[in-house]
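You will see two complexes here that share chain A, one where it goes with chain B and one where it goes with chain C.
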Partner chain A sequence: MNTSLTRTLGRNPWLFSLLLLVVMIVLNRALQDNLFEIGPLNGNLRVFMPAILLAVGQTFVIIAGGVDLSVGAIVSMTSAILATQIPQDASADIVMRALLLAFGAGALAGMLNAFGVTVLRLQPIVTTYATSFIFSGIALQILPEPGGRLPRDLTSFWRNPLEVTPEFVIPMALIVITLLVLFWVLVSNTRYKQFLFATGGKPDAAYATGVRVNRVKFTTYLFSALFATLAGLALTLGTGTGNPRAGDMMTLPSVVAVVLGGTRLSGGQGNVVGSIIGAIILGLIGNIISFADLDSWLRPLVDALIIIVALAIPGIVSLIRRLLQ
Partner chain B sequence: MTPATDSLVRARRRLPNVSPPLVAILLAILLFFIGGVLAPGFANSDQAVNIIRLAAFLGIIAAGQTLVIISGGEGIDLSAGALVTLGAILTYRITNGQNELILPALGVVLLVGAGIGLLNGIGVSLLRMPPLVITLGMAGVVTGLIYFVTRGELIGRTPPAMGQLLSQALIGPIPGVIILWIVLGLGMWLLLERTTYGKHLFAVGINRTAARLSGVRVNLVVTLTYSLSGMLAAFGGFVLLGFTQTVFLNLGQPFLFPSIAAVVVGGTVLAGGKGSYWGTMAGALVLQVIDSLLLALRIEEAFQLIILGTILLILLTMYGRQRSVRQ
Partner chain C sequence: MKRIELIIEHAVKTYGGVRALTDGNLSVRAGEVTALLGANGSGKSTLSKIITGLVTPNGGTLTLDGQQVIMRSPSEARRQGISAVYQELSLIPDLTVAENIWLGHEPLRAGFVNRGEMRRKTQALLDLFAGLYQPNLTPDALISTLTPDERQIVEILKALSFQPRLLILDEATASLDSQQVNRLFELVARWKADGMAIVFVSHRMEEIFRIADRASVLRNGRTVGERRIAETTGRELVSLMIEGATALDRDRAALVSPDQPVRLQVEALSTSVLHGISLELRDGELLGLGGLQGQGQADLLMAIFGAIRSTGQILISGESAHFRHPNDAMKRGVALVPGDRGTEGLLLIRSIAENLLLPSWSEYGTPVRVARSRADGARIAEEMRIVMASLDAPVSSLSGGNAQKVVIGKWLLRSPKLLLLNDPTKGIDVGAKAEFYVLLDQLRQAGTAILFYSSDDDELLGLCNRVLVLHDGRIASALSGEQLTRENLVGASMGAAH
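For the complex of A and B:
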């Protein structure tokens, strides 16, 4: 393999995820002719949205050297709150109050995680694992069984693409993705980004040079929980109903999405745009498998094999590089 | 540094220097008797044996996790849950209820577990993949394989001898799995404290570069560790079958994170290089006492989860703390 190519890939891990994204889009398009038509495009992006939002929040925590295993439970909690607090005939006031409640709960959840990691100095994996029980329990307490129905106006606002002119419509999820990218560009141009990278890379050195390491870590868990609340909102609006176990299976894929996007799990390096791409890749893999005419008992295996190969390729590339040198 | 502050620092360091396994075991006993007060009839010898028996299953499954976490480099094995399921399903299928096929089945289980662990190890050492990622991916592959091969139909039977030997009372009131657990504990102690592998494992966990410079073959030790972890997890599935008597596709997954929690509650540091299997055994006991107590108190699921999470946080606060960045 060309060494300069491997070197470029090694230095810019997100380039690799972009490459992978193109491959997945081509594969998906080959299996699904109407992939780029507004209907499927809108539907796909809307379904991917919760995973994208989780990956974005998770990126902040991982760059700062932690990990947040409670995000799925926060999604469940949000879903339970929204489904019980917004009746089908809810007025705008009631919706606003429910949103405030959901984001308040999300913020408290993030602060609990942050408190555990920064003030109590507990290890992030086990702290957020422990708090995930608390959030899951709260979700089940609020809404023991899946249920509730959100007002149609509210869900269709999120489900239908935004109509700029009758001929030109934009999927709402695409607008959110654009805002997320803008948000990261904005963050990248502040000192906060440098503090974030320093905190994850060399916390001792960062502390010695005046970075408020604990404060930075605190913000990352808060961000992560708030993005998880947003993910819960996107999910609940998408399905129109509440599920207290909605997020059970969403936590670990969010970590995979971040890693696929080129963020280093050991911290100190990474980027949100890559994570968005990573989450879309995971969604597309799911799409490809459901469109490919596969034996349904074979699907989980193919899914896992594609993901593990995608995760291993950067390692294989760098192994080849080392062997060539 | 003045002598006064120096001694102050030393006093502060001495304070949390209580052995975590000891704290955990005392805590398990304390919780057990608190349970007796909260739920009359909880603290009797039958219940004690039952709790230790259940803790043994978790403890055996957490043995490999202990090794992987000691090996450092963010070491963790998220494929343990899937491998437990695989170990149980393989035993169920191969023996098909025949006692004489137990040992051949055990052989296959250990080999397959070690083989999958080996793949994890190669991913971590040669491909330098983060352990969390490669083992999570491997968990997906193993689960996918189980789905594909079994097509959801879990055919087989549990040999009667497995239940008798492992789960039911074997010596006096003590079931075989408890004896097996103690033997495993001794074996793990020998492995960690009395073999070259054990010394090298701790060296790798503390500082890989230093270990490499002093002649430890780091990649070999890491690969071997993940392979052992895979083998022990699959063995955990084999043992678990003696208790559950039946298999299902999600059998091992509920043990995954508790196995990590047991390791951490037992004082093994997630950063690596420090820990013991005694600690993990004590950690498994604590978690099982809490679990059984919550069950005995007939608390509904929502509150069970909230209480479990809170207790875990409190336990971690007691001795799972990391060094402050200011120190």
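For the complex of A and C:
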């Protein structure tokens, strides 16, 4: 019984994240009575959305054995582009053009990262940390100060829950989350998913089997950047204005969310659903910290602690095993 | 299935400055088992990797079905119907058996992986080895939970799943038990009858005679002969694998007198790889460890050094010395020179002085007596004749041979009583090797007991008076005096009795 439970947890680490999620919801509910009412629910999920999208993209990179430290900077860049390209009285055409521009820039950013890692064969950490300064620089060049105001129609479309009937409304973010889960279910059943896991698990073996390892890695950085652009869009729609430093503090949490979701930092194992849960957990921790009137610097502290614990777990486990022997 | 015809002529492959293959030739025909033989480093793995596209040759031609081709990648070779069972397994530990076998050619339904079908086809493949594996080997089992022989079976089935025209079995029987080997050979006979071509790379002579039709022999990167198995003998093949007559400049006078004290005594030492190793090493003796690579030689050295766990008894100068950590071994005068200089033995970007002094800092007190430490470093560098710009130049600026001297030099500062050498001359040039041999001899004459593993048979023959040949984690043969000949050494490596 005990061993089968540990085995189930071992194979599905996201079950543990689910447990943590329940704990956080209970804690949060204790501090905030109306947590489950549509207003706060809609608001919370909308605020968590950028982090969720970043975590989803980051998952692909980490499973394939890399890491993308430029996602926060891409959010900033997207925010700057959208805020400057969409004036308050923008027509649908202009909005479309701005979106194309933002996603084009995001795709280029992803390709630059992928180029550094797969063609120049630089360390993923070094490559993406370096490029993050390029993207931050571009953001500040386009929009030196926070500003801009997006059309109200556009922002309210994202901010207000979808009205199915006047009594039954669904938060937009919940629809996006459902789509993300569906997306992962589809991806899980493709060859691409097998290549992804093989590439992260043992690149030499994957290559010897005929997997185009570099091509797989390339796609993960592209995905990650495109999801970061989506995150930038969600953030800008949520606040209604642009901020060239919007993503400054978002990179580390994206990695932490992936780890909380049971994806192994060294690659080869993981899943997107867990990362979504991980991002929500982090959001709830943030809520708890602010509701409990704790200092806001606790948030990065919690992020850092989670990373350290996650990195230490394999070492601790093998240490315990050795001591028991 | 189109019958394959593959001819490789004059294949050349160099890694950096080292020639792995000088003139590799091989012809493979459908419905035939071709054995590829050669001693350590003869280039047989390189040659088979050229066929599978894992290695791109620097020269030579590859003719497939009458057309000259170049295999740029494993996927290209696979499209041509060539697949291989590699010596280093190509399985992904965190994927299941089914996922590994079908990686890259998963059965699809409407663009999505058809898991039911994949499982069924995997089970059908597993049934080929029915009754010869544990019940936990199912299509859904993770590779990381399997035993080495089960992994090997999965690896074989994976290569087979591509329905190849040419199947390369590179030491595929190494981790199988005899029943599993029998089943594999039955299958090979069946595939052969179906028109598949098979290249069988093995170091087990007995197996070659059981299933091969032809044998192609490599020596020092050259194909030196091809024989029909029905018309040859094991003795003839072994003599092809080694060079006919080489004059050995072994100094037979340097025999160890039996009144030298026993420095190292090992009784029934076992690890996951080793099975009951016993040996005795006297002061001033240079004892060789031979055999094919990966037969447990490195494990034996690491176990004595306390770097891996072992059972059994280890005595140094008659006292128990079952070290739990290399640090304990160092304190008792044991030093290990690792095989891979770059990753285990040296801090490449740090200076020569720092590297030399690394194991000895504790001797120089706190704060460190810098002047004395530098003087000692300079003395060793001088004694070892390390060719360098200065003591402060980074080790990465040295040639392979000089870098190897630094690895040894850093232990000489501690004047070890027992020196463990793990293939120390791998990848260094001839001149540096010669100087290294002189150094070894000096150490030996000064009374150091040396346990010396080398993958180079010439070294063992030239330097040692006694060589223990390891095979599958056991001492297959102890050769000394008149028995220490190339024939016996190679023969014992292949598991043959001499």
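Rule of thumb we're sticking to: the second predicted complex is superposed on the first by the 285 of 325 C-alpha atoms of A that agree within 3 Å, B and C clash if a C-alpha of one lies under 4 Å from a C-alpha of the other, contacts with A are read in each partner's own complex, and residues count from 1 in each chain.
The rule we apply is simple: a contact is a pair of C-beta atoms (placed from the backbone, for glycine too) under 8 Å apart; a residue touches a chain by one contact, two chains touch by 3 or more.
Remember, it's a predicted structure, so these values are computed and weren't measured experimentally.
With both structures placed on the common chain, the touch criterion links A:Q194 to chain C but leaves chain B unconnected. By the touch criterion defined above, A:G268 lies against chain C but remains apart from chain B after alignment on the C-alpha atoms of chain A. When the shared chain is aligned, no partner comes close enough to touch A:D33: not chain B, not chain C. In the superposition on chain A, A:V126 makes contact with chain B only, not with chain C. Look at A:D293: by the touch rule set out above, it reaches neither chain B nor chain C. Set against each other, chain B and chain C differ in how many residues of chain A they touch, and the higher count belongs to B.
Look at A:Y207: by the touch rule set out above, it reaches both chain B and chain C.
Residues 204, 207 of chain A lie at the contact with chain B in one complex and at the contact with chain C in the other. Those residues of chain C that touch chain A in the complex are listed here as 52, 54, 73-75, 78, 86, 88-95, 99, 103-104, 106, 108, 111-113, 115, 158. Those residues of chain B whose C-beta lies close enough to touch chain A in the complex are 74, 76, 78, 123, 126-130, 132-134, 136-138, 140-141, 143-145, 147-148, 151-152, 257, 260-261, 264, 270-271, 301-310, 312-313, 316-317, 320-326.
Across the interface of their complex, chain B is touched by residues 67, 116, 120-123, 125-127, 129-141, 144, 203-204, 207, 213-214, 252, 255-256, 259, 264-266, 295, 297-298, 300-305, 307-308, 311-312, 315-316, 318-319 of chain A.
Partner chain C is touched in their complex by these residues of chain A: 186, 189-191, 193-195, 197-198, 201-202, 204-212, 268-269.
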